[in-house]
Each structure stands twice: as C-alpha cells, then as structure tokens.
Amino acid sequence: MSILIDKNTRLLVQGITGNEGLFHTKNMIAFGTNLVAGVTPGKGGEWVLEGKVPVFDSVKIAVNATGANTSVIFVPARFAADAIFEAADADIHLIVCITEGIPVQDMMRVRNYLDQKNIRLVGPNCPGLLTPVESKVGIIPGDITIPGTIGVVSRSGTLTYEVLYALMLNGMGVSTCVGIGGDPINGTSFIDCLRMFEEDPNTEKVVLIGEIGGTDEENAAAFIDRYMHKPVIGFIAGQTAPPGKRMGHAGAIVEGGSGLAVDKIQALENAGVKIASHPEEIPELLG
Amino acid sequence: MKLHEYQSKQFFARYGIPIPRGRVAATASEAKHIAEELAGRVVIKAQVLVGGRGKAGGILLAKSPEEAEELATQILAMKIKGLPVRKVLVDEAANIETEIYLGITNDRTARKPVMMASSAGGVDIEEVARESPEKIARMHIDPLLGLRDYQARDIATSIDLPRDHWKVFGQIAKGLWKAYQGSDATLAEINPLVITADNKLLAVDGKMVLDDNALFRHPDLEEMRDLDIEAPSEIEARKYGLSFIKLDGDIGCMVNGAGLAMTTMDIIKLFGGEPANFLDIGGGASSEKVAAALRIILNDPNVKALLFNIFGGITRGDEVARGILAALEVIQTDVPMIIRLVGTNAEEGMQILADAEMITAETLADAAKKSVAAAGA
Amino acid sequence: MSILIDKNTRLLVQGITGNEGLFHTKNMIAFGTNLVAGVTPGKGGEWVLEGKVPVFDSVKIAVNATGANTSVIFVPARFAADAIFEAADADIHLIVCITEGIPVQDMMRVRNYLDQKNIRLVGPNCPGLLTPVESKVGIIPGDITIPGTIGVVSRSGTLTYEVLYALMLNGMGVSTCVGIGGDPINGTSFIDCLRMFEEDPNTEKVVLIGEIGGTDEENAAAFIDRYMHKPVIGFIAGQTAPPGKRMGHAGAIVEGGSGLAVDKIQALENAGVKIASHPEEIPELLG
Amino acid sequence: MKLHEYQSKQFFARYGIPIPRGRVAATASEAKHIAEELAGRVVIKAQVLVGGRGKAGGILLAKSPEEAEELATQILAMKIKGLPVRKVLVDEAANIETEIYLGITNDRTARKPVMMASSAGGVDIEEVARESPEKIARMHIDPLLGLRDYQARDIATSIDLPRDHWKVFGQIAKGLWKAYQGSDATLAEINPLVITADNKLLAVDGKMVLDDNALFRHPDLEEMRDLDIEAPSEIEARKYGLSFIKLDGDIGCMVNGAGLAMTTMDIIKLFGGEPANFLDIGGGASSEKVAAALRIILNDPNVKALLFNIFGGITRGDEVARGILAALEVIQTDVPMIIRLVGTNAEEGMQILADAEMITAETLADAAKKSVAAAGA
C-alpha cells in the first residue's frame, strides 16, 4: 500500500530532545509510527515521553541497540549535514531530513557522498513522508489523509497539506505522500518517486506538486512521457513570482530565464499530465 | 547575499587572483586622491548591486585626477535601476586586448559546482548562454575533490586560450574555486578576465553571490551586506524571521509555508486580483511574528485588502488569531480582511476572531474571490 | 596468455615528452606495444619519435582521437595524482603509474576516488606490466622474458628483473609480469593479481615477490589458502632490514612490530607457498 | 621527517589545540629565564627525536628557576640513545588527573587515515596496541571528506570521556586532523592529552612525522629538519639523491633498486656475512652518483669488502662502471671489490672494469659468497 515507509519502518529521531524533535516524535507515535529510538549527543541513557523512547549518544549505538532502519532529522541547519553523514555511515538506508536552511555546498558534499552508497535521502527542507494508517516520518499532520490509492509527491509543505485535505474532503485516499523538499540540492527527485509509484501495485494515480526553480518538473515530464502508465495530475506554484527572487524556499527561484512555472506546466502538459489551475481543482481532475 | 564588485575583487585577491590597482571611494575628492595615487588613466565604476551599470552611464574613464573627481561627482549623484550609488571604485585603467568570462556556480541538476568559461567575455553571460551556448565551456567540479589542475587546463583549451597563459589561468581558476568554496558562494565570477596589451591576465570585474544559509560560517562577509538593495519592509521582515517579498499589487497576503504563499498569490491573480506581496510566516509562528507580519503588510499604502490563509499544522490557528488581534489593537486600519483558517486549532482561532469583523472563507478559492471583491470595492 | 594487458591494449603515455617518458616510449614501441598517443599539456599537435606518436594537450582529447584504453604515467611526483585523476575522468580503465615519490595523502585521495569508479590503477612507484610478445606497459626490460605460463607479481623493480632473468636462463616463460609497486598506498594488491592469475587459463604457476612493510603478503596468504588452486612460489626481501627505517621504497618499513619478513614468510608457508631463500632458487622451486 | 615535541606542539597550537605555556631553550640560562616568566613549577624536557626520554632522565620537574637552570644544564649535557640533547623545552607543569592518547596515522590496509584514541594515554601506544588492543578506539577518516563532528563524538564515547569535555575534545580532534592534513603528516599524535586538576584539556606532549615526499608543499616545515637524527653518511647520501642506511656489518653494498638492495643484504647474511649498509643508487644513476655512493660506503672504516650488484634496465652497466673508475681515481682503498653486472650494457661495463682488479661474479649467490669470503680474508 505504499512506497518507502510502511509498518516495517523502524524509526530513529536525530535531535529528539529539541523542541521540534520532541513535539513531532509525540505526533509520530500518536499516528502509530514504530518509533524505536532517539539520538541526541550527550543525552544517551535518558528517556523521553515518559519512558517511551530511549535516547542514545550516536546513531551507531542506537542502530545496534534497536535495529532502527530509518532516520528522521530535526537537528539545526549548521549540524544537519553531519547528522546525515552519521546516519549514512551507520547504514541507515532511508534518511529523512526535515531541517531547513542547510548550506547548499554542504548538501552538494552530502549528495555526492550518498551517491557512492546505496542510501536514500528525502529532503532536506521537507515535511517528510506519510503512509496512512501505517507510518508517518516527519511533520505532515496525521489527520488530513485517509488510506487509498493516490500517490502524492511535492516540493512543498503546507501546500501539500492543502492538497491532502482537499483529497480527504472528496473522499479520496492516499497510498503514500512524499515531500521531497524545497531546496535546490536534495536527496530524492520527482523522478525517483514517480518510478516508485509506477511500480507500487497499490498506487493507481499520482499527484505531482511542483513549483518554480530548477528543472526537476521538466525532468519528471520527460520521465512520465516515456515510462509512466499511471495517470499523473499536476500543480505548479509560483506563476506570479517575480524573477530573481527566492520565494521562501531556497530552491524556488527563477534564474536566467530558467525555472519558470509556465515552462514546467507546458512540459508536463506535453507529457499528458493534467494541470490544475488551483489546488482545490485537483480532486476534480483525479475524478 | 550579493557582494559589490570591489568587495568581490578584494576577496579574489586574497586567493592570488590578479586585480587592477585601485580603491573604493565614497566621495568625489577621495576618488580624486586615488586617481592621483594611481597616476594615469582610471576607471570610475558605480558600486551598485544591479546589472547594466555600464549602459546606465555608471562606468566612465578619466584621464586626469580632476576628471576623476568630476566624473565621480556625477556618478555618485546617480540612481541606477532605482538604487542610489553610494560608492565608486577607482581602478587603474587596463589596456584590454581580449575579454574572457570565467565563473563558478551551482548546477542544481548535476548537484555539483560547475565552472564556466567563454572567450566571449565582457557581456551578459546569460545572453551568451541563451543565444550561443556552444561558446560556453562547462566543467563540473567534484565537491569532494575540488577543481583539479587538469580541469583548469581543459577549460583553457576549450576557450582557445593561448598556451603562454595556461599557467596563470590555472592559478586564477584555482583561486576562484577557493574563493567560491571558502565563502560558500553560489556564484563567483570574473567578467571580464582580460588579457592586457602587455600580455597579462587581469580580473577587471568580479561578482560574488553568497549562500545566505551559510553566512553563519562567515561573519566577516555578512558584515559586507548592502541593505540598499532591499525594500525597507524586506529588511524589517528579515529581523522577525519572516520571508517577505514586496510586489506591485493591492491584495496583501499572509500565509504559512512558501509553496502555499505562492499558490495564494497565484489564485488571487487567477480570480482577477493582483497580490501586493509574498509572505511566509513560517512553521509554528508566534503571535509576535504574526503581528509584525501584519504591520509590514499594512505599511504598504497600496494594500486594499488582506487575505490570511493559514493551514494549521505546526502553526496553530489560535496562535495566529491572537497575533492578528494583538496587532489590530495597535494598528488602525480600514483595510478589509479575509481569513481562512484550516487545520490545527482552526476552530479556536475562528472563535477568537469572531468579534473582529473579518470576512471568513472555507476554501482557498472562496477566500481568493472574496479578497478580489473586497479590493475592488 | 595474459592478464591486464595484451594485443588489444591501446596505450597512451602521460608525460611523453619528458626524458623518461620519451626513452621508455621508444622501448615500448620497440617491444611491440600498440602505443597510440602521448599527452603533454601545452605540446598538443606535436609528434614524437620521428612522427610515430601524436602528442595531445589532454587525456580526454587523446582518448577521443585515438581510442586509447590504457595509460602509463611518467609525470613528476607532484603532478602525478592529477594525472591519475585526469586519466580516470577520461574513462581510461587501466592506469599504470611509474612515478615514484607521490605524497601518500595524495594517493589516499586517488585510491578512494578510484574505488568509487571501476578503474584499475597499477602502481605508483612500479615498473609496470609486461606480457611477452604482446605488450609492455612501463619500464621492465623487454629482453629478459620469454612467453610461457608463469605469472609474476612483485612489489619491486630490479628484483623482479632478477627473477625474470633467472626464469629465462632456466627456459621458463612468463604469462604476464605485474609490478604492483613499492608504495604504502597503491592501486593493485597481490590479491587482485592472484585472483586474475587464478582465472587466467594460460597461467599455470605464480611467483609472488614481496618485501617488508604492511600486510599485503599476509592478506595474499589468506587468499591463497582459501581460493588459489595454482601453485604459488614466494620470495620476501628485507629479512635483514632494521625496524623503523624505510628501505628505499616508501612502503618498505617495519613499524610497531608489523610488516616483518619473518611473519610474511610464515603466513605464506602456512598457506602452502614454497619460499625461496634467494631469487635464483625460484626456478628450482617452480621445477 | 620527524618534528620535535616543541615544533609539533607549536604546529598544533596553530589549529586551536590547547598546549601548556612554555618555550624552547638552547642554554640553561635561557631555561632559567623561561622558568622565571612562567612563575611556578616547570617541566624541563629534552628535545631529541627518540622515544624513552623520560626513562633516560630527559624529563625533569623543577620547582624554581634556579632548579630549572640546574636541571637544564644536566639535560643539555646528556646523550639519549646516542643522540645529543641540543635543546630543552621548558613548559608550565600541569596538574594531571587523566592521561589520554589521541593520534592520527595512515592505515595502509584500509587506505585511509585512522584516528586512534585510548584512555590509557601517556605510555607507549604501540605497547598498548600489542598487549590490550581493545583499549584503543579506532575510527577511519574518509580522505575526501575529512574528520566529521560525529566521528569525534564517537571517539569520545569510545574512550568514556566525560561529557563535559566532548565539545573541546571535538575541537582538538578536528584541529589534529587539520594539522595532519595541512602538513601531509603520516603521524600526528598527542600523548598524553591530559585532563588537568582544574578540568581542562591540554596537549602535554606531541609528535609529528611528515611525509618526505610531500615536503615540497611545506618548505617551512622542511626547514625544521633536525639532522642530528641521521648518520652524517645518510645526510651526505640524501644530497646526491641516494637512498642509504648505515648498518653494523662489514660488507658494503651498492645496488640499483630498493628491493634488490634488500635482497643483496639478505643473501650476504644467508651466506654468513653481515651487510654494512643498504644502498639504492636508483634508476638510471649517473657516474657522479655512483662515485658519491662509493665514497660514502668506503668512508665506513668497518667495511672489509664491497659488493656491486647492478641489474641494468634504465641503469646502464657502462655508466656504472665509469662511475666506479672515476671514484677509484680519487679514493685510495684496499677493500676488495666484487662486481656483478647484468642487463643493459653489462658487457661494456665489464670491459671498462677489466683493468680494475675486481672480483667478478655471474650470479647473485656467487657474488654474495665471494663477498663473504673476501671480507673474512
């Protein structure tokens, strides 16, 4: 019923004792995620949430003790690249980085390092993933989805919630929702997710939510045109964004005439993707 | 964050890149003194963070210290694309034979830095890239290894640089890489890198754009920030950790989340309105932050309606509502307000705002329509 | 009849216009090596050896022009790591580095980079390879071998010639001789060569010439014990070397009680390898 | 190339590693002045490039400047393992609570640098490694990425370092990595890194070994070379680019190639002799080099026979022969010489030497046997 995360996900939280980490740990457990461990250097041996979750000094120790196979990162931006390296070196195979504001050269080093290994990073600067009923890794609200067969992939946070909410209001369920994040250099692309959704027997249709900046949507269009059999519905944010300005997300910027919403929409439409003019139109196009 | 030409070139010089002799001046008499020191023809260059200085008359050649003073007076009185010229760079004039472009930027798709060079330097490289991309040599740099010597030579070969310049060009390319990496730049470029009449390489103009997210590593560079480039409202917003961009329309909007904020702008336009701003209050925004955001939006006299679109997740509807009420106690305004609150604590938020005479909306489309109507009234 | 190099080797020489490069280029051509190109930055367009070999400015250009698939490096030590990177990035799949004196930290970066790709480096600080009649890549004298079925692998230079010469005097022929070099960090280990000799149908016996320093011979012994079916004859140089001193080769040093000749001999003997007490005894043991 | 303790610690301090206050002195009165400046108990430490200084009485504690002078006089008069003490380091004495070992070296097998740490610091780490290897924590460092923060923490955890020291320990570990990388070291170690009575971390002793092949990148470090550590003949040999190591036997040998030179030593021993040296004249050696090598070998009064073993490849037999003749014109010697020349231009070489009254040999074994016989005669 899902891609990337499911009932077998054994989650570890890096930065679990921070405000954000603790808050979302509580929410993930409440959702039903199998959250097995937390890591905060210097706090190994403590427990959080009334003794529910053990805290370790390092990812390696946590993995050895709990068999965690997935990590979600809430540590501050200046320490986040190191946290990703730590998880990768401890053989975590899915790393989800929520942190916003990681220097782009850090991310280039991280990404080039991970590419040598067989490790998937989702994010950074993303809301994470959610598979209804089974597992939630990140900060997507747990009460705006119902299980179903629509795969959702997005560069955005609240805009994704908006779409999930609209789907739920229309009785439409989700297989997995993946927020790939708004940074210019990230771990997982639209194509990566489209390929997994195409192969997932429980996903029937896919919603792709893009925005200005970069060419990830154009690449996705080429992939859809060649390899996708399942219908894809798209939405692209930022049609009214002025060029040369970063629209909140580090990656949402039109530069040198590249990254325009109109080009992305054109490319996706050429690949047969129906484009919604606003998020609430998506359920209708899925209809 | 952009660095001025003179800042970029000084930074380049630290890494062994040859730059013209020269200094920056804030007054015409300083410019004259510098011209006297340099003894010879000098170029007076407006230091503003926009392109097209040359065409705007912001770069002029002076043959004497007196002329330098005169032209500096003239340039320091200019505004270029709306930005006041506060400083001029006075550089020894170079005898230019050839103009080369050399730059490093991030290639998002390849996820690597890329060095670009062209023998068609001195002009807008984006224009060259669009119109004759074959004139630009590109070389990806492994971020874990850095620029290697052979790559610099390959670049030199690609742009048909004469062989007697390869060695110095290699040093310049390595210097530029170190400047780029050492400052967490997203762009470091020399344009033009010239070959002078006496057959030397010289970085006549330079530009650096730094990664705002990495400035914590470079407090010395952060201090170089020029606030002129930003609208005062944008500077104010940054103080509060708000992501704000001023636009030309009349419907203000306050949204949580960048993608949703863009979408809110788009849907306003879709239903016939014009957004007055982009504003993302971020996740889990406090009521103080909301109040600051409200003040900043309402400071814009163009704003005729204000749309709040909050999808509660980490951000709680009641907290946002309290922020709005707090701000409205201080700010007197007749601007009609449209509010849409969904998600975490949305109901509590709506109750708090029950007495505030706001227009409520259920859906985003509904909110946009009502905003356009209110602004047009 | 060989490993690594044969008639299909299309060789490129990096540093061809230097004294050493030019001298050995002449010898390799005289041997019959299919030597297709040379590289010296700044001398592209020239020809060497009376117009026999074209010189190019970069490996990439040379590969494009001539289809070279193997490179031999004669550039000075301070430029050698860059030369290896250049060859690797131009998709040369076998790089043979003769240069001695490359900084060890350069070699660690090189080796860790090459490990991400599928590129074999032989050396540095090695005499290269020779497959009688077919191809010679490096500086092994061409007149001290005859074709045959003995594979030779060695960390040494002239000591290897000594062994080859002794084999020839006894009428024993060689399939391929590989000098893996005397540096502490190199590209190809004894095990790599043993595996190839074990798989090479034309190699029947193997001579392994080791020396003090490191544990490559001990690792080879473990490999021989487990995986080798062909007989291996060994010789280890440096039994009389004092500890803590580098015996010429950067890698030939006994440190902290590790790297002793006696331990290597013991390990190899335990794995069934016959050890010669001096090089001229090797033909007898091959008997 | 090894650095002295005081040089290593000064280098460490550049990278932010805390070291005791102190300075190096070449005379006892200098040592007294330094002790006066430091005001308090000081440690006087012999600066010699061998281990076991402490046991040899080369590290002493002084309670007053006068005592410092006295002890410095004493230490400066010492020889430790044959090496004269030319300088002493005068350091503020630390109140040591705990001694830690922290070092970085190259792991040949893993082909990566490895950081090692142990709570059993202060003693010979090789001994700890042999006898209780479980007491040493090891962490490989990716040479393309460098030491990462989490790795320093993992090391701290492994040696049970109290948490309040993790932050400073991390800075020290990073500093040590930068010192190691920045100097092309093959070993950089702090032993002991101590926790003082007032709960601070302090690098009380330090050691660096640099990669001779990388010294071209570090001319400043090359200048620090201490020639005392080498036999004069080894220094002379390096000048000529010869690889020479003096040994205690009586059969000198001159060989081309390091592996063959070792083999020649081994075979001399095998047939009952003792080699007087290791000498590799290198590939393609000129006659000048050969002559220098001959002088160096014959300078050793122990040498009773001299074996030339040359396998011509790049090295040409005739060139070697000419070098030998040239040297013998200058040097008067009665030492019997055994020569074996094989390979390139061997015959020409043997002809050149025909009149030189040398013992010739065909095989290596034959050459070794003849040498042993000649030395015993």
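The chains carry the letters A, B, C and D, assigned in the order they are written, with residues numbered from 1 in each.
Everything below uses one rule, namely that a residue touches a chain if its C-beta (ideal position, glycine included) is under 8 Å from a C-beta of that chain, and two chains touch if they have at least 3 such contacts.
These numbers were taken from a predicted model, which means no experiment stands behind them.
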item: A-D or B-D, whichever has more C-beta pairs in contact; value: A-D
item: Mean-CA-position distance for chain D and chain B (Å); value: 54
item: Separation of chain A from chain C, taking each centre as the mean of its C-alpha atoms, in whole Å; value: 49
item: Between chain C and chain D, centroid-to-centroid distance (C-alpha), Å; value: 28
item: Two or more partner chains touched - positions in chain D; value: 142, 144-145
item: Shared interface positions of chain A, touching two or more other chains; value: 109, 113
item: Graph class of chain-chain contacts, one of line, ring, star, complete, other; value: other
item: Complex interface listing, chain D residues touching chain C; value: 106, 108-109, 111-113, 126, 129-130, 142-144, 181, 184, 186, 211, 213-214, 216-217, 243, 245, 247, 255-263, 265-270, 275, 278, 280, 283-284, 311-315, 342-344, 363-365, 368
item: Chain A to chain D touching residues, read off their complex; value: 41-42, 44, 57-61, 79, 82-83, 85-86, 89, 109, 113
item: Chain C residues touching chain D - in the complex, by the definition given at the top; value: 20, 23, 77-78, 101-106, 108-109, 111-113, 127, 139-141, 144, 154-162, 165, 182, 184-185, 209, 211-215, 219, 235, 237-242, 245, 247-252, 256-257, 277-280
item: Complex interface listing, chain D residues touching chain A; value: 142, 145, 148-150, 153-154, 157, 163, 166
item: Partner chain D, residues of chain B touching it in the complex; value: 144-145
